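Next come two complexes built around chain A: one with chain B, the other with chain C.
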Partner chain A sequence: MRLPKLLRHAWTVASKDLLVEFRSRTAILSVAVFVVLVFVVFQFGHDPTAVSNVDLAPSILWVTFTFAAILAMNRAFQLELENQALDGLLLAPIERSSIYLGKLIANLVFVATIEVISVPLFSLFFNVPVLPYLLPLIALIALATVGFVAVGTLFSAMTVRTRFAELLLPVLLLPFMILPQWWAVVATGQLFASRPLSEILGWLNMLAVYDIVFVTLALLLFPATVNE
Partner chain B sequence: MLLAEGLRHGFGAVRALDDVSFGLQPGQTLAVFGPNGAGKTTLLKVLAGLIRPQRGRAQVDGGRRAIGWIGHQPQLYGQLTVRENLRFWASLYDVPESEFLLRKDSLLVRLGLQDHEHRRVSELSRGLVQRAAIARALIHDPRVLLLDEPFTGLDRMAAEELRELLSEDAAEGRASVLVTHNVDEGAELATHIAFMRAGRFAHFAPRAGRGPQQVSEDYRNAIA
Partner chain C sequence: MRMLRVGRWITAIALLLLVGVYVRALVFTPVERMQGLAQKIYYLHVPAAIWTETAMVLVGIASVFYLFLKDPRLDRFAAASAEVGVVFAAVVLTTGPIWGKPIWGTWWSWDARLTSMLFLFLLYVGYLLLRSAVADPAARARYAAVLGICGMGLVPFIHFSVYLFRTLHPMPIILKPSAPSMPGSMVATALFSVGVFTLLYVGFVVQRYALSYLREQLEAAGEVGHA
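So, the complex of A and B:
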């Protein structure tokens, strides 16, 4: 009985966040501009005869995803500070973890939207064909994204009431992103180099374990982070 | 219905609540007056369960589900319409759809918001936002209402309407705790009066027919 209720409340929170973002479009537009800017800078700022696009592309892709996601996650709980809605959420008779889960779902949808926009642009800018590896690339992006968004959503809740929330979030989050980003960059490089899928499977498994560990930890720790 | 026993809470060296105890029955309204920093909002947050007291206990029959909160911040989302906000909060309180529609319509009429149902909260005036905040607090039909400076930003007519609404609710059995630094506001609503200073109740007693002017005098004597 508790699980469906938790999921229902989580979806209520997530759909509200998505509706608010859909109405304002401030975060998605600023992140989309950021993504294009990064691609332009990298495209025209490096010498393709020194480092080939295919060698450089995985790092560029994941650096872009990382900073775009941080921009997005910064706003996740900022939204609740408007008119002290966070107090209303904490007062509501719902599991605190459903608030976290709702924020996580909304952030995942948000970051996934950015990724859906970014991948074709990335392919266009760097002349890297992604269609032959689309399915494993989607799996890779999905697994890496769940991990760092799960941690980022937790830290976003922890830092939202601090004075330097926008500075603190990346400072706290980036160390936790090193492992999944490293695995994702290596696996993406192997994909673009047309290496057999069996080589990439190990990285996907590690990303899946990271996701399970950190989503579980974040669900357990979240109630303590929002208590006054 | 609402019980506070020996509540104590501090923030660092500052004692925000110091041995506060009282009880309220259905239909009773406690008005807590005190200067800024007296601990009034902390008291409400402890009663609501938003802050766990360092000592003592606060108990509301029915738990968090039975509590409605009206503060000086409306706890509404500016990008959503009044209706969307109400639906969101009703969903979190598991209000069934049919009940939601009935309560929403009734509250919007009572609060004069029926023409603003589909307007975004960010487009409303301060007074209308506060009315929408009241509708939000009542959408799940709470048995206990906690009010933190609810008259802030309301014009005289809106403040009068809020007083009427609270009186009607009290007559229907809702218990309320109202905190404000302004003695002229809310004294008429109260069945019990408390004056708060430095986290303590300097005075707590039934209002016993005293008017706002007498309450104001009592307040000056107690707090001075």
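So, the complex of A and C:
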């Protein structure tokens, strides 16, 4: 009966974070505006007669997701710094890994919300049809997002208590973020070029392996980041 | 301190032997037919690349043991290994373009191998930055260990993602399942150089280890602030 308990506690932590966000809506709104800004910059930054939107599409999508995700992950433990909320959380009679899992779930919901907002906007602004590839695209985005958000959530637990928190997280995360995104960008490009699904399957497998390795590592390592 | 002196001696011997690698590569090893003299950089580039990856794996292993044993020696070793790793990564990233310009016609290409070596370099830089950003020694060691273990987890992905992309970079010539596709004298020079780089790594790490030990002593005595 350990696993259901772990998940239940994780959900409690996650729903607390999500409730805080839902009540204030500051982060999600600022990220949504930021997404529109990135789209506008991309739109006016290239000559559509020279570079077609479909060719630029994977870069636009993943640049947006990257920045949005970093904004989101910085938030997760920043929230707990005020009034030593983290100490309270650590004192709660729950496993350390369920705190991590809760933070991970909250971050994933947050980033997923941004992605759900940006994909239709992207399709609308850049006239790139996403509906024919919707299912593989969702799988791709989901697998890539889980990978880097898992690592990012772990790192943000450490960086919030360092000297330059907001600056350090992207620096630490970069090597871990680029690899899954690299695969995802290549696969997104193949998807938009209407390549057969079998070509993309390899990338999806790689992303899945990456997710499994780093979610497991993060679950095991998280207690080391908060033990006093 | 004795350890520092030993480290200096090892480094000095390794640097002398490095001169020997140059002499052997330039005088006693045949010139490659297609690439000409540019190929000589292979004897620096490849051993440095091997030790860049190995150093990260050693950082990871030391980190794993640190989290269990909490022995400050392991943390000191991990920090030393990471610092030497960043130097070797810089060697790889400088010698690569010097070779690339005459052979490929470009200094840099966004090729899987080049890009992944750049990641490894950034990983090391991040690791050292994290260490410098945490003031409390115990927290510093724990955080660094967490990052070191994650970094070790990343190395196989970096290493194998190379095979997934079409790449301009030459494939491994010696360390591959079939026999080395190089004349024996070239293989001998390359292996000699790997040996010298191993010694260089050991010499550097021993020195860095001794220095961080001395720094800790001074910190404990309140002589210097945290760097």
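Going forward, the second predicted complex is superposed on the first by the 228 of 228 C-alpha atoms of A that agree within 3 Å, B and C clash if a C-alpha of one lies under 4 Å from a C-alpha of the other, contacts with A are read in each partner's own complex, and residues count from 1 in each chain.
In the analysis below, a residue touches a chain if its C-beta (ideal position, glycine included) is under 8 Å from a C-beta of that chain, and two chains touch if they have at least 3 such contacts.
Keep in mind that what you see is a predicted model, and the values were worked out from it rather than measured.
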item	value
Touched partner set for A:G88, first chain B, second chain C, both or neither	first
Which of chain B and chain C A:R163 touches, first, second, both or neither	second
First, second, both or neither for A:S30, with chain B first and chain C second	neither
Touching partner for A:T113 - first (chain B), second (chain C), both, neither	neither
Contacts of A:V171 with chain B and chain C, given as first, second, both or neither	second
Partner chain(s) touched by A:N227 [first = chain B, second = chain C, both, neither]	both
First, second, both or neither for A:S59, with chain B first and chain C second	neither
First, second, both or neither for A:K16, with chain B first and chain C second	first
Partner chain(s) touched by A:M206 [first = chain B, second = chain C, both, neither]	second
Common interface residues of chain A - those touching chain B in one complex and chain C in the other	227
Touch list for chain C against partner chain A, complex	67, 115, 119-120, 122-123, 125-126, 129-130, 133-135, 139, 142-143, 145-147, 149-151, 153-154, 157-158, 161, 164
Residues on chain B engaged by chain A in the complex (per definition of touch)	45, 48-52, 63-65, 67, 69, 71, 73-80, 84, 88-89, 91-94, 120, 136
Contacting residues of chain A [partner chain C, same complex]	151, 154-155, 158-159, 161-164, 168, 171-172, 174-176, 178-179, 182-183, 202, 206, 210, 213-214, 217-218, 221, 224-225, 227
Residues of chain A defined as touching chain B within the complex	5, 8-9, 12-13, 16, 19-20, 23-24, 79, 82-85, 87-94, 227-228
